[in-house]
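The structure appears below as structure tokens.
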């Protein structure tokens, strides 16, 4: 029984040398059955070779099978992503794939969305603890003056990571350093952690005070949304843009561009008052489905769903719509990207292999834009149907 | 080739009547291969019967296989979750399972964590658009006076949803109603959407002005972190607490409780300055792994990772540690919870079936606490090792 | 010399019995001259009788003379403020009065602004510290069940304060109670502090656990901007609205309503990204000048400057503009409102005496709206002049 | 009568050539009396020569007399502020001066507070509107490459302003430039506005696209609190620090350092949950009183009250307390600083004249620290008295 506390705690079976095997997975399945009465028949049905899993999971016991739907084509005229894409989305939420699909159709009828990665920064942010605020300020200047030594120490730990700049923020005697990197095709949290540790050690050894530090002072905001991410970028800052003719929108969604824009004012006011991480519709939905499908770290949805929608109703009635994701954390190398189903899904997008991460980031932004177009229109079409009034605030 | 735009857009195969079949999944796999050159061999290897998938996904093409590790036992002395739990975690991030496992061991040595659901509210938040601010204010009063009629209309659409209260927030001529419900074992976003639509229609019909509205004015902040969630709760507000003796912490992690508390001050200052959604270590990691394993909507990590850590160093040197998740959105019924691998994982936790959602929420909080203990200690143990100084700011 | 540390610390002269006299003010002026070499000739020139100052200041030494300009007429069609108002503004910032004056002229040409107080809540927010989260939750229920006793205890301490409701927010074992009141014509911070202390004592005595508390758990956010203020109101939530014909705007400011609306999108995106307390132009300027003139507690500008601008461009080209101040803290009774120059300025507005505070709040909102119209137009008129392009994003 | 709308709007008397005279002030006083029935006898009693007021106020009608109390000595061991200071505070809030005075006494018994200006940035933040996100990104690179030309254009407009760096933040096709300056002894909002206008014009002329811009894209957050201010500094970032022995605190306030630190955890959790601008007690109170006394722009309290408190309880029981004001906007030159009473008050602090602004900023921080010590202790002493329990959570 689950809820009865055993007199001595049961230990999950583990083999120090040969743990990544079907045999050990079976042993753990049996252990679970014994301890909890729950069978893991479906969990045990996988096509992955456990031998590929070190570095991805511990105590491997099977797999979660997450249904995968296909949306598309998504037409993009990006810097890196150009053409029509079919997007694998792993989800258990009904209508999600269908809704994104509809948004992609709108984008397609507009000739595609433009997509651009406008910034790229991954960071680790240690806090150095000095004796007082004056010492901390002077320490900060020393860091600026010794950026070359710090950079050399950091970059010695990595082939693809490049230290770009160090942001500094002081509170009392604490000097927080937000060390920024580009990280190639990897998401880069581990790479930047290791590089920053080396940088910190170099600082500690070379600075006359040999100051204490903690490797994270909580302003990298790893796995958390934050305003600093929205402002200063974490991962990729990527924009998707489309200009939607009123006729196209009406035909495909039953909503006018003027309605969209009127509603935008309501939504921006609501998001601002709420202190929301995103003032669009639902970036998290599409990103999560893509992240699970393609082996991204889905926990990064915490940061990646943040962004800013900016729109204008043009004089000709067309609707300019941009979505800016400010902290999109993605990879086409490392983490789960090389696992079997995940790699296949990256290949569907033409994003497996070297120098693909900006292309992938652009596709993510395009997908988010599609989903926001579809959901926003759906909300308004409902309003339209139920409303006795014609459009516009004044009657 | 992926990146070449076809002269006419290819359409994803779809069968209006019999779409949820292996055959159609194969057709779509073949379509993908033809369009993109990518094979979906592993994606096509699943044990799910496609016939169970309507309501979970469209254009079903296969599955993402996400490796599943096992952590535990996690000892809880909660209101609903009592005993030792083995926690299935679906992830591709190495060390995650091992790290949570270590935190669970600390909790176990402390006699387990207490867990409590302290609030429970799911909402949909329409915005009513009145002629001016005065009319909007009077409309708000009318809503308060007609709460019985509104409630009846809303609750007529659902068996398990109960309208608890309506929060009101005004901007200019807009009256945002944040309609709160309890939703049984379901997460409840759809249920509350449907109920609130009925409520809005009732209001529109019965209020003398027949006011216009949009079903979401963006302050429900669905799929987004927000300060309103942190303050007013979205989903479950759940606390996990443990008191850790200094000796236990030192023995298992090499870190003292005094170090933890000193570092807490640094982390709280950093999180506050950053405008972060969480001032603990990494709630998102554990929640995401559990969400994928158990068929939660993983996009809700956007909201669910938010929370507040509150600690005290007691006079005897013990460390009181609480983690409050303010907007944990979970279900043990509906969505993906009934799919094969997902249901098995819920059963491992004893959380499948009726009246289990509070138990599941408590386990989630316990897992987050375990992960924060482990990661925070790891950060500090590194600091400890590298530091030339003894503990304490003053020497 | 200021900067030389005296061997023993000089003490500011003080007379325990007769401290509020010209004589003691002179003594302190002489003391300052002796200690710092600075003369206080102008500071010593005042028409206030020091005898009226107990309760307003300690160690009275003279006055700051803040220049006072006059703006107006401001035409309002509010619920409480109706007619043309001349607004005394105490400031040292050139162009401020002139700019507000211009905005008032625009409002006048539109037939005046509508103003409405839509919510009214002052609060004190103690935190009760229970043994654990479960006890804290149950404590919260107990509070709800004993609201009558709590209210009676609170209201026994005040004639004009009425306890309206208690918001509850839990973190770990802490139950924060945000106790809300209406406070008549006073701002009410002291009144609610005293009433809430009585309420807390009643709770501590009557609750079986006799729980500990602190009178402020920092979520009343006294003298600080906060998102909770923006959401839940602190002081008065007051709206000013006007619909500006394009022709009027062009004639008086050289800017079109379409330009305003285009720019609004830029400003809302910028304010959202910045995590700003207000997404309009400069509420703080007008409020501060009015607060100093009329004896408000000018420190409350910290809270009072927060708000949300919501606008729409109507189909006929008119511009609907609303400003919602979400936490305007004002009084027409108590504090500095009865001092000589301050009272005179309240009388200029017809706001001295009983039942005037809503009228005063409406005037404040109207002034803020005027200032935002003027400054926003000025920014854009600059843009207009320097721009080679006609209006609109697309050319 | 105030509330009756005149058939034609009365106009405030104004003399185009000789408006800054006693005569015109009297005319406006008479006008007010005629229009509103309110006398301005006390408002009309001032010692300022109206001839000095151009650039400070328009439609000068008299003065607000704000009572001025004296607190001190405040002992500082700052970088610029060293010695004992007597602080003029203009306020109408009873107990304010007394409370700050008490906090200064605590600081004095600890040997004084250390104060340090750790950053100094004033900014104006235009938004450039490009054709799309790609053009905006490339524009941003162009700006970086042309920083010398931009700086030269900006600095040509000012003697004391120096352009330090340009922060860039992109949303869609908008490139927000946050242009940072040091501004000598002035607060610098006007100086940076003028310089940035010149910089923008230089950019518009020299960039091949001649892009449109607005001079403020709302991320300078002038006169508003914002998270970007807290992170990136606006005005002076200044720290005050003190280490308080337990014995001193108990003797002077009746509270122990352990109580302070326990409460700090409650306050930090509350401030974090509330989304507050400051996690200390009441920076706004002391700053406002000093700002009014010394001719600062008191509207800047909106930004200046923001900050972060960081504390540690040392092993010996001493309490390390730091207050970091992140966006303190102050001047010792320009604005109202040269007016008679205002200048006298600056002279009392030894802060009138050249190169005094950092000294003044340090005094401000010291005052805030004093006020927070006093108010926090007062809150806790109340708790202490009313509590049946000894200190500490565990009994």
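Points worth noting:
Labels A, B, C and D are assigned to the chains in the order they are written; within every chain, residues are numbered from 1.
Going forward, a contact is a pair of C-beta atoms (placed from the backbone, for glycine too) under 8 Å apart; a residue touches a chain by one contact, two chains touch by 3 or more.
Keep in mind that what you see is a predicted model, and the values were worked out from it rather than measured.
Here A-B and A-D were compared by C-beta pairs in contact; the pair with more is A-B.
When the contact pairs of A-C are matched by residue number across B-C, B-D or C-D, over half of them reappear in B-D.
Chain B and chain D have centres, each the mean of its CA atoms, that are 40 Å apart. As a whole-number value, the distance joining the C-alpha centres of chain A and chain D reads 37 Å. Averaging C-alpha coordinates per chain places the centre of chain A 16 Å away from that of chain B. In chain A, the residues that touch at least two other chains are 169, 171-172, 174, 227-228, 231, 266, 268-269, 271, 273-275, 279, 308, 310, 393. Contact residues on chain C toward chain B in their complex (touch as defined above): 79, 114, 116, 118-119, 132-134, 136-137, 140, 169-174, 227-228, 231-232, 237, 239, 241, 275, 308, 310, 322-324. Within the complex, the chain A residues that touch chain C are 227, 230-231, 258, 262, 265-266, 268-269, 271-275, 279, 308-316, 318, 320, 326, 392-394.
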